[in-house]
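Presented sequentially are two complexes of subunit A, the first with subunit B as partner and the second with subunit C.
Our next item is the complex of A and B:
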């Protein structure tokens, strides 16, 4: 039982990061209809920028998070206007390939800047731990959970109660009707890309404090957003949060009981099972693909 | 008779909205409009009639710059709002300039609440206090939907949804309100209520109205001027009361009390041979 609780606790911490990553992924898909395969690279970019800001320059962590969030969000907006905008309305296939291209470019940029060597994890957060009975929870896990939850809650409020959030939901539902009512789809797309990238970037900073090593394989964490999003429903914000937590917890449990190699198997295996029963995920829309 | 009407309308009168010789193609191949010209005067109430596939909705998409959604393009002609060219500019700018529509099939956002749907209509505006008071005004205008303001729009009945759609368009405070097939699929009583409301908005607030309709009887009754569109061309236009008494219009659009109505077979035969070209 103690092992179970211990694993669940760290799973929730990890899952909250996944939730944040999946949220960004789902948001971009929901409003722009683009599956962003560069999402993991946004996260990796966040981690590497955190290396520079926190390890090399020794900056304050709060300042670093804000600065990195800003940089990555700006990159997302720039990507929309520079690359994605002319592709609006093009077949999904070519658009998705473009995001893979973006992923490769970001990866190459990181390789050239930081070199191929792996780095140790960032130690910018308090390193102690909290003992509750037999349960040991590192401060890092708690902070991870708090920051991710805050990011998710702030986003949720933004999405549900601001004008631009309302416009995002309207565009996601019916682009033509939204445009007919004077909503500028491009502005909404740009904001979605910005927030999506921001979520990944901040998750990258947090994950850099959690993972064992930082290297160019970190983008694979971004791919965890995929099962998380699929389990929750590809077009559901609530689903992304739930899916992230489910994937995080089940991954930690699997790693704890069966060994670390089972992480990926469980995340994607769970996705297969859920999709077999509910092909549109827990909260997804049934007829997702529209013309 | 018809010839006389056409001669009257060839005099160009500058209006709020001027569409000149508009030609629209879809997919670079299908021509949907061929040289369509219509005018909506300041404070006017104009209807465009036509059967399915006549190009009515295409005309609206062109005016509101929404052709891009359907891979359509303006190949020729001009659209002017108060003398300023608007053809091809951003759809959001056109709403801001004063044209807003009630789209065909309502196109509400079904998972947004009634109030949120109305709020989306004000996307081109900034003043929050004014927007909020306008939302209350819409609930005064449509008491039926006031009690359902927090309900998701997809749950409303067809008539209520159409009211939300009209309210949503009015939230933009348009100088020109375009209604595409307002009467489609609605009970006659609700259609009557909505048309009366349009008349009231037109008279009290001076909002110009462009009505796109299949229900020719209602449209001619309420509008002051009408155009008849067929396979992408304006085939007839004139003051609504004149059109209403026109024999051809009566026969083809008003369910015909003409001579040919005697036998169904003769109507069909006559229809086949009849051409509008004059």
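Our next item is the complex of A and C:
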């Protein structure tokens, strides 16, 4: 029972990061219909930038997070205007392949800049731990959870009660109708890319404090946004949060009981089962098929 | 326009219809036969051109061409987005290890394993294709991603159970002794004729690749092949036409997976060692590069893409060796990474400016000459 609680606690911390990543991923998919395969690379970029900012330059962590969020968001917006915009109307899979191309370029860039050696985790957050009975919760986990929750809540308020959030929802609902009402889809797409990348970047900084080593395998963590988003429903913001938590907890439990090799398999296996039983996830909308 | 008109069905069924096509075929076959011999010649080309490295790259490209073309069979013709294709390379290399003559294999010869691998691949392909009956598009893409991670785990566990942390090795296959009377087969002192080195492998890989490609091209000309295309264009409409959509999808999965598995066996035996490191998630990126740059809806695209993927690094390395570029320290240090970056940019550029890839470029050139001097 102690092991179970322990694993669940760290699973929730991890899951909150996944929720944040999945949220950005779902946001981009919801408004632009692009399945962003490079989302993991955005996260990785955040982690590596955190290495530079926090370890090499020893900057303040709050400042670093803001700076990295800004850089990654700028990159997302640039990607939209530079690459994704001309691709509107292309078949679905070619757009996915373009994001794979972006992923390859970011990987190569990181390899060139940081070299192939793996780095230790970032120690910028307080390193102690909280003991509750037999339960040991590192401060890092708590901060991770708090920051992710804050990001999710801020995003949710933004999405539900600001004008641009309303526009985003309108574009996701019906692009033509939104455009006819004077919403600029292009601007909404750009904002979505920016926020999506920003979420991944901040998650990358936080995850850099949590993981054991920082190397190019971090992209696989970003890919964990796929099962998280799928389980919740690919076009549902609430679903992404729930999905992230489910994936995080189940992954930690599997790794704890069966061994670390099962991490990827459990996350994606769970997604597979959900896809087979309920193809549109828990909260996703079911689309109709017409001839 | 060319003045060739097809007047009966027999003529229409032929793969090679016109005289230029016949000429291209003969020249192509002669060149294919000549290339390995030319590569054998001890000759130093001008500008330090990396002539010798061609042998390995050609073999790799040929073996991968099967996989890339099969990916296009499924994606381009049947419209099923399956990323599990890289997983079948893993299935192939595992089949090769379990049945093969390595330390932990059953000791069967490669010539028996290849057809068995095709059957194994087809069966597993049907299983992997089952989700395609329930979900489609992006959801299928995701479901097959799960299969990929499953395959990686399986291979890792198998490797751990047999060779521990070392890579699984594949011994060089040999020609059975009752075939030693054939020309060009000169057994060594031990009385064996091992397939080793680029030259001998070329004669193994090239015919198998040709057979597989011809098989795939021909599959597409049958009723089943047309059913694939119908399912891609509109599966509900295809069902109304009397096509069994479920069976068609599963057939496409079976055919294409069988081919990829064969490709996996060939690759494993040609490279001689495979470990879980060689089959990471990045293999999906490699397949993506090949299919996109080649053009992701034709069999030809897959083949061209595979050649691009393995030949381009040679050329890029050659260019980097030129005096003025060689002197830049940064380029020297990051050579391989620059290649990868160029590949990634190539994907983006191709998809933004020429979505049909190299195959589309080829079609454009052909059309230009066919219609010259007219534009349309």
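Here is the rule we go by: the second predicted complex is superposed on the first by the 287 of 291 C-alpha atoms of A that agree within 3 Å, B and C clash if a C-alpha of one lies under 4 Å from a C-alpha of the other, contacts with A are read in each partner's own complex, and residues count from 1 in each chain.
The rule is short, and it goes like this: contacts are C-beta pairs under 8 Å (C-beta built on N, C-alpha and C of every residue); 3 or more make two chains touch, one makes a residue touch a chain.
None of the values given here were measured: they were computed from a predicted structure.
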Looking at the superposed three-chain arrangement on subunit A, would you call subunit B and subunit C a clash or a fit? fit
Would you sort A:184 into first (subunit B), second (subunit C), both or neither based on which partner it touches? first
So, A:59: does it touch subunit B (first), subunit C (second), both, or neither? neither
After superposition on the shared chain, which partner residues are touched by A:173: those of subunit B (first), subunit C (second), both, or neither? first
Check the residue A:87 against both partner chains and state whether it touches subunit B (first), subunit C (second), both, or neither. second
Regarding the shared-chain residue A:35, is it in contact with subunit B (first), subunit C (second), both, or neither? second
Subunit B versus subunit C as contact partner of A:143, first or second or both or neither: neither
Is the number of subunit A residues in contact higher for subunit B or for subunit C? C
In the superposed arrangement, does A:71 touch subunit B (first), subunit C (second), both or neither? neither
Using the superposed model, give me the angle at subunit A's CA centre between the CA centres of subunit B and subunit C, as a multiple of 10 °. 90
For the superposed model, what is the least distance in angstrom between any CA atom of subunit B and any CA atom of subunit C? 16
For subunit A, give the residues common to its interface with subunit B and its interface with subunit C. none
Subunit C contacts subunit A in the complex at 75, 81, 131, 134-135, 137-139, 141-143, 145-147, 149-150, 152-153, 156-157, 234, 236-237, 240, 281, 284-285, 288-289, 291-292, 296, 334, 337-338, 340-341, 343-348, 351-352, 355
Can you list the subunit A residues touching subunit C in their complex? 35, 83, 86-87, 90, 92-94, 96-98, 100-105, 107-109, 111-112, 219-220, 223, 226-227, 230, 234, 261-262, 264-265, 268-269, 271-272, 275-276, 279, 289-291
Show which residues of subunit A lie in contact with subunit B when the two form their complex. 89, 163, 166-167, 169-170, 173-184
Contact set on subunit B toward subunit A in their complex: 64, 66, 68-69, 71, 90-92, 95-96, 100-101, 103, 107-112, 116, 119-121, 123-124, 168-169, 172
